[in-house]
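One chain, chain A, appears in both complexes that follow, with chain B as partner in the first and chain C in the second.
Our next item is the complex of A and B:
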């Protein structure tokens, strides 16, 4: 009988651990931010009005969306190819893919961002090679451009897109693809009519993960954009810690959170990933 | 329709030979079963026929032309996979439509072809269901319909009934035979179930350890097995070792446990110092006393009786620890043996089959 009581106690403790931790450490600060956005510097909605009227803010938001869409597109495309070779490749190729996917995953985002600067700066490795081989005659300005920000973000995001894609590809019965070939289908017919629809759930998951994650990106754009390519997270940081405009920073944060929530809900509603899963 | 033949088809993986020198003729409209235990190479041979596996040596011919190098997608063969391999994201109707879409068949003809085959395989009312909403037997029918709808030259079936329960299996056996008759397509069917092979086939090819050991009609293989493996694999059989075989015209005589036994033997037995005598249980009978006629007889002891309803299975031990099995009708037998009893087991001399390998 004692063990039943112990199990019950354990269950209660485990069940309540998450809410108890989430409430003071997440919900409460979030409400605090929400409160700031409505009360600083003075009570009212002026922070939110500025959010939708200020040209600078709208420019930052549009740039953020543009970069995030581009990053999502490129990352998911690269991840799809990587996942395919990881799942269906020969054992040697699978090993190479694992190294390509996991090694960057384990390296700090800061180190990777600085690594890209070493590669891309005016007197960096990339320019040296291009100049030496005669492809260009003057060095390219690659750092502090949207190009370098997108590159750094894609590099960071690809593994996150690989995992959901590899997971759906692993679930595909290879016999289904053989069956398609056996019925006379070309490789492209099999891809568009069997393989792609069967991996759609993974594609949606990868898109949501990469896009939502990218919206809040801070370090990579800050380092590789060098203050020229400012995205929303860096803009919030500037409002909070440089211009000490706490109320407006808070309103931007709440706005970002709302956009992410709405976008996720829309994507889920439109594509209904649960319907795609067998 | 096509006549398929193979010549010296072999497959090696690394140093391991999984298939050696398979030569077989598959006639137009035939129901051929590739029968063998798992690992005998029958599925590999089917995959080579389908074009999914390339043979290490040998050729494949379709109507006399070499198709060894022809890719699977150009062979126009239908295939039913083990586990069916249906497209999970498509409905039954869309699955069946798939090969027609590949071939660019006009919409109207596609629709009528799909509806017709749905009727033929008995899937009416299930066309709009996804595979996950269908039972195993229904999924099997979708797989059959999908493989037959485009009029393939050959239908390859890889253990299609193995995942089904016994009632469904028997029902689908009947339907497979009917489909074979109605479509006139050549069927090549892989199974490890000998009763399935006997029930369905026009011709059986028996595989053992990567070799084709015997090909023939079910009756021929059952009556005249070439080897001990074939005899034991197909149906139940009792095998009695024969000492000191002596050929006497068309009859071979030898002894077992002191009893003189005889069997018909046409080919020359010189050089063999021992061989086996194989007898199907249905040719045997049991009696309390030694039969007076000139049949072969052995004295045996009843080890075990198992009541099976209509029949009772007997496990009998003869001399030299030899175990024989036999079944008697449970109700109408002249006499009911009891466990431990010593009885006589006899059979007509012409029903024994001499096996040397």
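Our next item is the complex of A and C:
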């Protein structure tokens, strides 16, 4: 009987090591950040008051939401096209789509942002082509604009939107679509009344994933916005290291975490990840 | 019953998908010629291509030092993350805990929190411990950030494991430790490798949190690229990018070959 006890103890140690380590290394400092937000520079709620009254903060938040909405819309549309052809295309097209999804996905976010700088800067490839073809006579300023930030972010987010979409598309029974066509419905009628509703869960999941990722996204907006298009994540970085306003940076972090927690709760209701873990 | 109009629409959709595909690849391809420019600033190489920026990359102590730092930190972090994730997944599989979802949530928490918030949290932790800008600090940072991914891979791997394996082994008299090391772990080989490899890649590329907790004594490769992008963009960054992209593509190819070979072997 002793060995059964021993085995159980051993297995319990295996199970609890990681969750227990999370407490001092993540949960405790998280509470510490929360405490900072209420105590620095002096005790009180003034950091949170500033969060909802400071004009700069509100401008940053509005810009963040505007860019994230735009990025989400464009990314999910692009991803839908890619996912559709990745799942239902001819074998050759499937392979091409797979390359276009996976190679950028595995390449570092910094290199991808750098690629956009190379393309979009004043003496870059895009301006060269436009100048040469006579479409424009003076180079366009494309880097450090909202345009470049949106482009770079869409490029980063598309693969993340493809995965949930492709997984719902794979589960669709092709007989349903055949039945619709067989009864005389047009291709677009079949798409809007049979295919699209069947992929709705994937669309909602993709929208929430991209939106949540975009909200806290730091690298691409910072590189392509060049300090001019500041979103909430970069604003937190500035508060922490340039103005060393730790209390306010902490309050911003807590606010961002709250928004993301609410959106993630929505996501969990849509995709129910507990079904993935048996 | 496919009308001409429908056919045209189909074609349009295919063309649009290819345009999105090109959009995904173009910024990566654009970096390649820049890395061969003979000039000291970002420019197209024109007619004479040069390897000077590759030469500069491998002879500069700053860049080679960063590559070494990144490699060491990634290797150590990947091994630790895989160890922790494997212990958790095994415990989860053996014990089938009642509050399983809660434990999994705790184990993958850093994945659900926006990276910039994790950065503030880890900055707080390491400022208190006095290990900002040290190897120890960066390894802790990377283990926290990549473990959730390893946990997901390992949980998926154990969920495919056959429970009769454990029963058979125990009934034949093997101890719990023997069962784990001789029966269960060998059956998780592929999952172990995937978890380790994913952790290695993610740690090698980690920048969002690293940015907050490194900078003077230890500069990882992504941190050095970041500094270059923010201060003066020089073509050495293009050379690093091309090498990293080439390695990535080779690794993807090797991995899909391994997966393919593994499947073929399982079928026979």
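Keep in mind that, in the parts below, the second predicted complex is superposed on the first by the 245 of 278 C-alpha atoms of A that agree within 3 Å, B and C clash if a C-alpha of one lies under 4 Å from a C-alpha of the other, contacts with A are read in each partner's own complex, and residues count from 1 in each chain.
By our rule, contacts are C-beta pairs under 8 Å (C-beta built on N, C-alpha and C of every residue); 3 or more make two chains touch, one makes a residue touch a chain.
Worth saying up front: this structure is predicted, and the values here are computed from it rather than measured.
Novice: Thinking of the overlay built on chain A, is A:14 touched by chain B (first), by chain C (second), by both, or by neither?
Specialist: Second partner only.
Novice: More chain A residues touched by chain B or by chain C?
Specialist: C
Novice: Looking at the overlay, what does A:197 touch: chain B (first), chain C (second), both, or neither?
Specialist: In the superposed model, A:197 contacts chain B only, not chain C.
Novice: Identify the partner contact of A:130: answer first if only chain B is touched, second if only chain C is, both if each is, neither if none is.
Specialist: Neither: A:130 stays clear of chain B and chain C.
Novice: Determine, under the contact definition given at the top, whether A:180 touches first (chain B), second (chain C), both, or neither.
Specialist: first
Novice: Would you sort A:189 into first (chain B), second (chain C), both or neither based on which partner it touches?
Specialist: Only chain B is touched by A:189; chain C is not.
Novice: Applying the touch criterion given at the start, work out whether A:96 contacts chain B, chain C, both or neither, answering first, second, both or neither.
Specialist: In the superposition, A:96 contacts chain C only.
Novice: Report for A:73: first if it touches chain B alone, second if chain C alone, otherwise both or neither.
Specialist: neither
Novice: Shared contact residues on chain A, chain B side and chain C side combined as an intersection?
Specialist: Touching chain B in the first complex and chain C in the second, residues 181, 186, 276, 278 of chain A appear in both lists.
Novice: Given the complex with chain B, which residues does chain A contribute to the contact?
Specialist: For this pair, the touching residues of chain A are 173, 175-176, 178-186, 189, 193-194, 197-198, 276, 278.
Novice: Can you list the chain A residues touching chain C in their complex?
Specialist: Residue positions touching the partner: 3, 6-7, 10-19, 21-22, 25-30, 32-33, 36, 78, 81-82, 84-85, 89, 93, 96-97, 99-104, 106-119, 121, 123, 125, 128, 155, 158, 181, 186-188, 212, 215-219, 222-223, 232-233, 236-237, 240-241, 249-250, 253, 256-257, 260, 264, 274, 276-278.
Novice: Touching chain A in the complex: which residues of chain C?
Specialist: Going by the criterion above, the answer is residues 1-2, 6, 9-10, 13-14, 16-18, 20-28, 30-31, 34, 42-44, 84-85, 87-88, 90-92, 94-95, 97, 100-101, 103-104, 106-107, 109-110, 112-117, 119-125, 128, 140, 144, 147, 151, 155-156, 159, 175-177, 201, 205, 207-208, 211-212, 222, 225-226, 229-230, 233, 237-238, 241, 244-245, 248-249, 251-252.
Novice: Of all residues in chain B, which touch chain A in the complex?
Specialist: By the definition above, chain B touches chain A via 50-52, 71-74, 76-79, 81-83, 85-89, 98-99, 101-103, 132, 146-147, 150.
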